[in-house]
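Labels run A, B and C following the written order; every chain starts at residue 1.
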Amino acid sequence: MDSFLKAENLTFSYINEIEEPPVKTQVLKNIDLEIGRGEFVAVLGHNGSGKSTLAKCFNAINIPESGNAYVDGINTRDEDKLLDIRQRVGMVFQNPDNQIVATIVEEDVAFALENMGVEPGEIRRRVDDALKTVGMYEYREHAVHKLSGGQKQRVAIAGIIAMRPDCILLDEPTAMLDPSGRAEVMKTIKMLNREKNVTIVLITHYMEEAAQADRVVVIDGGEIMMDGTPKQIFSQVQTIRNLGLDVPQVTELCFELRQHGVEISQDIITEDECVEALSKLLQTQR
Amino acid sequence: MAVIKTENLTYIYGEGTPFEKKAVDDVSLEIYEGEMVGVIGHTGSGKSTLIQHFNGLLKPSAGSVYIDGEKLWEDKARLREIRFKVGLVFQYPEYQLFEETCYKDIAFGPKNMGLDEAETDRRIRETAQMVGLKSELLDKSPFELSGGQKRRVAIAGVMAMKPKVLILDEPASGLDPKGREQILSLLKEYHQATKSTVMIVSHSMEDVARYADRILVMNKSKLFCLDTTEKVFHRSEELSSMGLSVPQITRVFNRLKIMGVIPERDVYTTPYALKLVLGELGKE
Amino acid sequence: MIKDITIGQYFPGISPVHRMDPRVKIILTAVFIVMLFVADSIWGLIVGAAFTLVSFMISRIPLKLMFKSLKPILPIIIFTGVLNLFFIKSGDVYFHWKIFTITSEGVRTAIFMAVRIICLIIGTSLLTYTTSPIDLTDAIERLLSPLKKIKVPVHELAMMMTIALRFIPTLIEETDKIMSAQKARGADMETGSLMKRAKALIPILVPLFVSSFRRAEELALAMECRCYHGGEGRTRMKQLRMTVLDGYACFYTAAFFACVIAVNILI
């Protein structure tokens, strides 16, 4: 797979200049990470682990202190290419309210394209396209503040995909949503990845969401602690727990069963797998 | 005795306007002293509107609310007094912090109750300890703390009023798994230590299942049921069909039940599931 | 409740008024205001009121909303009405008691002023009801664009207005929530002296400011991520284009204006 996002020995610190002398807090330490085009990567880590900071390094909001970040081969330090980078890598944030600029749905979706100087007819086409993709076309003339959380977040995603980015970084997009809103957003993300081949980097606290990705990266204390398929990651229940994270309930159950000497596969992470394994186990028992 | 009781409680938003909407429809229920109740329902089911009636923030359009046997809204002068009996913690409570120090912020409630300095101080220290807030943090500005700590300060601010009933709207939302776990278990500890009534509003049936004695389910502005956790989860298919997300483990065991490989038992927590499977395998 | 405020709210529709070029709408609204003030007789004002009413009918905005937009300024209307009623002493005396005198001239002026204010409010709210805030700011930006030459930051001002309009409902909701939360902690905002009440606002204002700053920061970041870099090289999805419709609208307004002037001269 050809690499799309790349971090090379990347280090980043926040500097608090209010304090005297300025206080430097290192958030990311020597990160090496490569994410391929079309991959769906979930990033896990507790609050303050540096995962959002890392995401912001990939669209030139944060410029590395040392080391480099590349987007599609472009170094994020290259200031002339700033708009190229942001157009290739869109970002969706946690609070849907604070990323929607315009009052009316379609006008918000058009915002990025207007900034890019796309000509009006093309904006119209792309906005309609993006709204249809996220299933919000019927709402195009609605006022944003009257939508549900899940709908607002889909509008925010439409505003990003209208730029036709190769990659979308989502920073806990479902944290403020109810279960049905969460499901709406996850469905949209997966569809974009499968059908439009958009590279997805999903930062989340929900293990069931992470289990749906192709790859899971776990960050703690500004360093990459684990990197692998969801099965590889979640089968290490003890390590995950030590990092202050969780595993899906079914994985937890199978782990506990194994602790009690029951022979059951250790890489069960979905409902279906669990049902299959347990029914087999219990049927042979009878 | 019921500490909260409603009789045919109905609330209509924007009465008389074209946007009129029945948010709570004919709800009669009783919440008993010392129990831990989970409140679930999808967005717009009326659960938030319902709980705001319990401390008189909203006035019923019809029907009545009794707190500790006393009818709300009968004597408006008593309203504030009764309000102190029911502590309400809103969603994202850290967004209501405003004082220079955590200490002063927690003191806001007790001061409004007219407590003296010594009693206020005692309560602040007690609740700070209860929510796991180190005493050196009390003199810091709440705006310097981390998200999880801010939330603890905000919850302590309501706990310090020592309400008979503590109601929390989504107390764990937006936190990471560890933070969620910590907040929920500290609420359980508070419940056990103070023997007060605690109501937790949540979208997460997993959290509710683990902590609540009884569950109140709201659906389309109506009370769907208020029953023991076990009995509520017995109706898990109905819950899913109203758009609530049933815990993963419950879904798994419902399917196993249909396949006939496990007995008719409602499973909603992993420890229970573990026990059940081990029992079936004869390993216990 | 605080949520009921309707000022500056847009009601989508497809009526001719909705479809007009917002620039023309702004200019015609200005003309309309002038028209109301030119009309100095009851008859002139009736023409102005007719213009308001007909425009409202064409826009197909529910009548209910028209009254709703009047509700917040009702006190002002009553206040000026009462003032005029009692303080104008010329004309025939209808009623006299101690210092209160009601004269024919007083009644006439009171009604006149009330109708004028009502027309003014309805007419201008028609502009905000039928024009999306973005169109409105867009139109203002373009109408004012000649000022860019003298270094007035027109684009920035328009952007600020857009964002302000977008966040009004959000902040109103937030204020409501914070108020409830503080009330639940026993905050007392309804009793006490003026000073005490002002002080009681602190627990509401501080969190509101803090959250507004947080929102501003997040919004700025989100805008940057969406390639925002000021007004330079920006295009717009919705091109403002004047159509025959705007021609009709100008003609229609001009006709009414002429009527007002004619009435002024003749009566």
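Some points to look at:
Here is the rule we go by: a residue touches a chain if its C-beta (ideal position, glycine included) is under 8 Å from a C-beta of that chain, and two chains touch if they have at least 3 such contacts.
Nothing here was measured: the structure is a model prediction, and the numbers come from that model.
Separation of subunit A from subunit B in touch steps, taking the shortest path, is 1.
For chain pairs B-C and A-C, the one joined by more C-beta pairs in contact is A-C. Mean C-alpha position of subunit A lies 30 Å from that of subunit B. The distance from the centre of subunit A to the centre of subunit C, with each centre set as the mean of the Cα atoms, comes to 42 Å. Those residues of subunit C whose C-beta lies close enough to touch subunit A in the complex are 10, 12, 132-134, 162-163, 165-166, 169-170, 173, 214-215, 218-219, 221-229, 233-239. Within the complex formed with subunit C, the subunit B residues making contact are 14, 17-18, 52, 55, 57, 80, 83-84, 87-90, 93, 95-98, 108-109, 112-113, 143, 157-158, 161.
Subunit C contributes residues 4, 62, 64, 174, 177-178, 180-188, 202-203, 206-207, 210-211 to its touches with subunit B in the complex. Chain contact summary for the complex, subunit A toward subunit B: residues 46-48, 94, 148-149, 175-176, 178-181, 183, 205, 207-208, 244-246, 248-250, 252-253, 256-257, 260-262, 271, 274-275, 278-279, 281-283, 285-286. Those residues of subunit A lying in contact with subunit C across their complex are 59, 61, 83, 86-87, 90-91, 93, 95, 97-104, 106-107, 110-120, 123-124, 127, 141-145, 159-160, 163.
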